[in-house]
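Chains here go by letter, A, B, C and D, matching the order in which they are written, and residues are numbered from 1 within each.
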Amino acid sequence: MEYVIEMLNIRKVFGNFVANDNITLQLKKGEIHALLGENGAGKSTLMNVLFGLYQPDGGEIRVKGKKVNIANPNVANDLGIGMVHQHFMLVDTFTVTENIILGSEPTKGRQIDIEKAEQEVRELSERYGLAVDPKAKIADISVGMQQRVEILKTLYRGADILIFDEPTAVLTPQEIQELIQIMKALVREGKSIILITHKLKEIMEVCDRVTVIRRGKGIGTLNVSETNPNALASLMVGREVHFKTEKQPSKVGKPVLEIENLVVKDSRGITAVDHLNLTVHAGEIVGIAGVDGNGQTELIEAITGLIKSESGSIRLNGKEIRNLTPRQITETGVGHIPQDRHKHGLVLDFPIGENMVLQTYYKEPYSKRGILNFKAIYDKARQLIQEFDVRTPDEYTKARALSGGNQQKAIIGREVDRDPDLLIAAQPTRGLDVGAIEFIHKRLIEQRDKGKAVLLVSFELDEIMNVSDRIAVIYEGKIVAIVDPKETTEQELGLLMAGSKRKEAGVSS
Amino acid sequence: MSENRLTNILVPVFAVILGIIAGAIVMIVSGYDPIAGYSALLYGAFGDRYYIGETIRQVTPYILAGLAVAFAFRTGLFNIGVEGQLIVGWLAAVWVGVAFELPKVIHLPLAIVAAAFAGALWGFIPGFLKARFRVHEVIVTIMMNYIALYVSNAIIRSVLSDQGFKSEKIHPTASLRSEFLQSLTDYSTLHYGIIISLIAAVVMWFLLEKTTTGYELRAVGFNQHASHYAGMNVNRNIILSMVISGAFAGIAGAMEGLGTFENVSVKAGFTGVGFDGIAVALLGGNNAFGIILAAILFGALKVGALEMPSAADVPTELVDIIIALIIFFVASSYLIRLVLMRFKKGGK
Amino acid sequence: GQAKEEPKKEEGKASEFSIAMVTDVGGIDDKSFNQSAWEGLQKFGEENGLKKGKGGYDYLQSQSDADYATNLNKLVRNDFDLIYGIGYLMTDAITEIAEQKPDNKFAIVDSVVEKPNVASITFKEHEGSFLVGVVAGLMTKTNKIGFVGGMEIPLIEKFESGFIAGVKAVNPNAKVEVQYAGAFDKADKGKAIASSMYASGIDIIYHAAGGTGNGVFSEAIDLKKQDPNKEIWVIGVDRDQYEEGKVPGTDKSVTLTSMVKRVDVAVYDLATKTKNGNFPGGQAVEYGLKEDGVGIAPTTKNNVPEDVLKKVDEWKQKIINGEVKVPTTRAELQ
Amino acid sequence: MLHILEIIIPSAIFFAAPLIFTALGGVFSERSGVVNIGLEGLMVIGAFTGVVFNLTFADQFGQLTPWLAILAAMIVASIFSLMHAVAAISLRADQVVSGVAINFLALGLSLFLVKMWYGKGQTDQVQVGFDKIDIPILSKIPVIGPIFFSNGYVPSYLAIVLAFVVWYVIYKTPFGLRLRAVGEHPMAADTMGINVAKMRYIAVMLSGALAGIGGSIYATIISRDFSHATISGQGFMALAAMIFGKWHPLGAMGAALFFGFAQSLSIVGQAIPFLKNVPTVYLLILPYALTILALTGFIGRADAPKALGTPYVKGKR
């Protein structure tokens, strides 16, 4: 058989939780093999087993026919297995080269031979058209670039079997296209690839075969040519799922958020938002499409008061809120689902309950004259938990213990419940499975139908396309176009986001 | 949940037991008689009402120092400066105690408040520098300790005395001592400070667990970004927590100045109470009630130790070894937790 | 603890006159007054056939200032007949316990407590310092002399004033450089001060700084090792510090002389008096040259020539028979 | 003025040396992600071992004794630091806590042993110390010769040399790269096949060894005996020096020298004409006040290694 990798009946148990239950996955030489499953289905776990980070509790692994015991990543490396992790494994104070050679450094004498290393990296990068600068610091390069560094790490170690764990979750359409080209190039060079992704489109586009797992169990392996997205989705979730979320045409009301000539500098003092204009009305969802790093983050942090802006004006229902404190802004009626749920969204070491009143603890009924009223707090928590179906043992459980998906639901519950006139949602579905995504999209639309204004920022074009009523394309800190999702295509958007074609700057319709 | 709480209580208990066992082993290995050693220790700590009085007297500043350390810890700050804050508190209390003549109802509270203020000021500086310039509070508090030591020595010499080595005795109206307590404990140096320290413990618990201020302080301690996002003033909370922590430490100083010594003298070195406070806080799990228990334990060990050389000629340092090991076992609670786990599993 | 108390009382009374002392944090091996006092106690104990421990002679060491009262109390409860507090730091503790236990006998060294049941022992350190000052004044080659004090307190000021007076008496144009380390246990400060003093041409340093003095010695020794013909000296304090000054690999010592303070004599003396029933309660006994309470170390002759020693003796007589009045403070020094 | 420098600088260097050694140790430990407040205690152990060894073997080894004493201190202290390593790395202890424990234990244990072995509160004075030297050629250089290269102790100069060695190791060698990776992003290091625990053990034991040296040279050169007061705060000053120096070997050395300078200024200052009438207290607090000012003013905020203080648990995100 020409399988390069065979994982047979792999079993992995954490405590008394079975993450992988007799999963079998066989990888042919030169194929791109998709691994599909919900959040927590066990994909990362399975791959971590293959990569030697975890030891299987059952089953066996064969590489090129012979049985192996992958005790640690070194063994995996020696077997030519390389992994690009879901959460990047890069030291961002190091340079690209330092990250790549880490652990197998070329030396002259006792000293690292950095010139030689940089040379090798440069050659590799050219050979696969990765175009990374060996001398650049990780902290200074884009997420897409960082991912290429991850790829180079595996190539540098001579891997011919590559594992990609949710590589596209963090990429922009352009970057995704480039990644796909890279993967094809790799396969042409005789490498084999396992690709984990939640995005069925990508599977259909690049993969030869797909293995589906659900709640730790293997459901089966199909040839991509013989299946379709809906079939895959229902296989993965175990029920019917709708991609296009149903919604009535929007009843647009008065302007809620009005931004004029806003200028914001980023932490390094470079102008990130450059005389930006944008208006969001009651009862509409405005989606901001753009390549990561074009000022989305700064724009949102400026609106919500997390960072100060240089000049311009931000009005909420006509009231100037620019450079007010976050609290003043929240109180004027802004809700914010932050991009980084772990950094901003939650105090992970607080119980879910106390996280539910993060912005309102000082108000009645949650406290009176500075004394907290825990009954009121936990009543509210219980209500939200069941209303937004947050899967947690109880409201006293630390937020840390919840899955990304459930953490996200908790945050959305909290923000929506404050009933703000403007709801800002940044990457609300990042890394979540189709089920959770569906739920969250419903909630956003619900708000809009209640006559609230919603500002959605996302790198996932199809999310933007099917949730927004208007799409504002951001490029280099400016809104370069406002388009109607019904009249545009991903291709057009992609071009706009790349800054090629310019419509008249974003004056609102 | 409750199981969790149980382990949280069991861990320090086990740590203490292990520490005491280890102490016995040390004694045996080094050729001392552990029975004699520990009975001397016990007698020296609780042997009769005098010793009990002395133990309680020692416990008093320990509770407050522990609270000071813990309060900062809970807000994510490490206050090694309790020692210095204690010294300036001591100085301030005595200063008020000798400088004014007032009725007790005013004088005593005034002296204590002065101490709290002095300590708070000493805590404010590192807090402010951390908030405003992101200067590492550990260094600043270390430096502030030395500054406190030398400055207070200088003041004692030039202001509170005429180039002497100690201030006068404080006026009785500012004293925490009482005939009653002394007669009760046969002339120990026990004073009313213990009541103050217990009140302080309640205050800390209430402030942190029950008030919005405490909610903010804890939130900032866990995650500054999220606190900022939630509209809290992170810098204000950092400063506040250092100020309150310092105030507790200052009051600890007042206990020494108004109770134990009734004056303040030039110090050749640190009192050590501030550093012991770190141990107390850690063993007490940075929790008000736990701190009281931890303080009692360490206070008893310290006072009881004095009996060991004469009664069992075991060096007093043995106690420091025991304390160290206890802290060590608390730190390595993971080990104890594992054991407890096995235990539970076996039970099922 | 009553039951526990009783039998002790019996044996306490049964056995003869018992004495004990409380040291400060220094301990009975501090090469200073604590050690000296303990030597006195031991001498008394052995001569009277006492055993160490309860009912005989004993000591307690304090771990911190807070322990003084506790330790004194411990000794009281163990029924020692005479209890010494060693060092001025114990003044308050003694005062307090003397009030609480009017029937017990106490003694304090280096300080005065006016209580009927307390005997105070002080020394005329200024007199002894005057004599070593004379030695320094006569021996200096550079006419630059140093004084290193521990903490700037009245007690140490007595050393300083007496010393300077002594120097000036025999060598008016010698200059005495005074510096305080701010602590009695900071050897590093002592060493740095000494190094700067020697570097600035000072050739004799008198230290009254306890442990801080160790630094002075180590600096002098290191310099001497580096250049054996270098003429630099240290003057020891409290006990004969000739040994501390020994230069490794030689039989030389950088200790020129030492101002010895016979705490042992005083302690022994007081114990005997009390045993014989004449306890000088409420009095302050001051030990000076006359009483052999202070003086210069016998080893002085090793490094100091005959004629100088003769001079020293002349001054000693002058002081004893009151011709010279030695200042005890800077004010008097003027 | 020059003359004053000839007094201040050598004593500055001599004050700094123990801090430099110890701070460099701290750099290793914390660069690997393990907080080490235990430096104070490790210095205590070093001082204790150094002195005891010196007293015990002076007759056998003669002039070599102090050097062998340093070696002994190094070994014993690094073994002692194993406790911290086990707690902090294997037992996932709170690293601050176990550091504090180390400090208590070191002092308690060493004094306990001193009382046991010598029957008193402090050891005798060591007889064989280090010699003051003038560095051959260099000390002859006019002006700077007498200031920098005279009246020094060999270990002091070694400290400065070592700082550069450590810099080389941490920034130029594979070991250094891995060490820093482990301190910044242990999981990344792990996936690159680096044994995180092993690296951290090595780092902590190095910090023990260096703090041991720091403590022993302090005791042998300065106090010449060991007692409760021998090491009182130097470890914390070294910690400060390390943070002040932004976890960089040369930075730490600079900071240590700065402390040393301030220290000796505060002592020698009393002898300097134009500082004579300044009240002593100002000179005494000078080093500490200056440090705070320096940190606040031009140094600004230092950022620690990212993984500092967090135990690494395989497979945990």
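Methods note: a residue touches a chain if its C-beta (ideal position, glycine included) is under 8 Å from a C-beta of that chain, and two chains touch if they have at least 3 such contacts.
Chain-to-protein mapping (UniProt): A = Heme ABC transporter ATP-binding protein; B = Branched-chain amino acid ABC transporter permease; D = Sugar ABC transporter permease.
None of the values given here were measured: they were computed from a predicted structure.
Steps from chain A to chain C, taking the shortest chain of touch contacts, total 2. Interface comparison, C-D against A-D: more C-beta pairs in contact at C-D.
The chain with its CA mean position farthest from that of chain B is A.
Chain C and chain D have Cα centroids separated by 35 Å. Each chain gets a centre from the mean of its Cα atoms; for chain A and chain D, those two points are 45 Å apart.
Centroids built from CA atoms put chain D at 28 Å from chain B. Taking each chain's centre as the mean of its C-alpha atoms, chain A lies 47 Å from chain B. The set of chain D residues touching two or more other chains comprises 229, 232, 280, 284.
With touch defined as above, residues shared between interfaces to two or more other chains in chain C number as follows: 61, 152, 182, 185. Touching two or more other chains at once are residues 150, 153, 269 of chain B.
A list of each chain pair in contact follows: A-B, A-D, B-C, B-D, C-D. By the touch rule above, chain C contacts chain B in their complex via residues 1-2, 4-5, 53-54, 58, 60-61, 63-67, 69-71, 73-74, 77-78, 88-89, 92, 97, 100-101, 151-155, 157, 182-185.
Residues 1, 210-215, 218-219, 222-223, 225-233 of chain B are the ones touching chain A in the complex. Contacts from chain B toward chain C in the complex involve residues 43, 47-51, 54, 58, 150, 153, 157, 163-166, 169, 182, 187-189, 256, 260-263, 265-266, 268-269, 271-272, 302-303, 305-307, 309-310, 316.
For chain A in complex with chain D, the residues that touch the partner chain are 48, 51, 53-54, 72-74, 77, 83, 85, 87, 89-94, 98-99, 101-105, 107, 110-112, 153. Against chain D, the residues of chain C that register as touching in their complex are 25-30, 61, 152, 177, 179-182, 185-189, 191-193, 195-197, 199-200, 211, 214-215, 217-218, 221-223, 225-226, 244, 246, 248.
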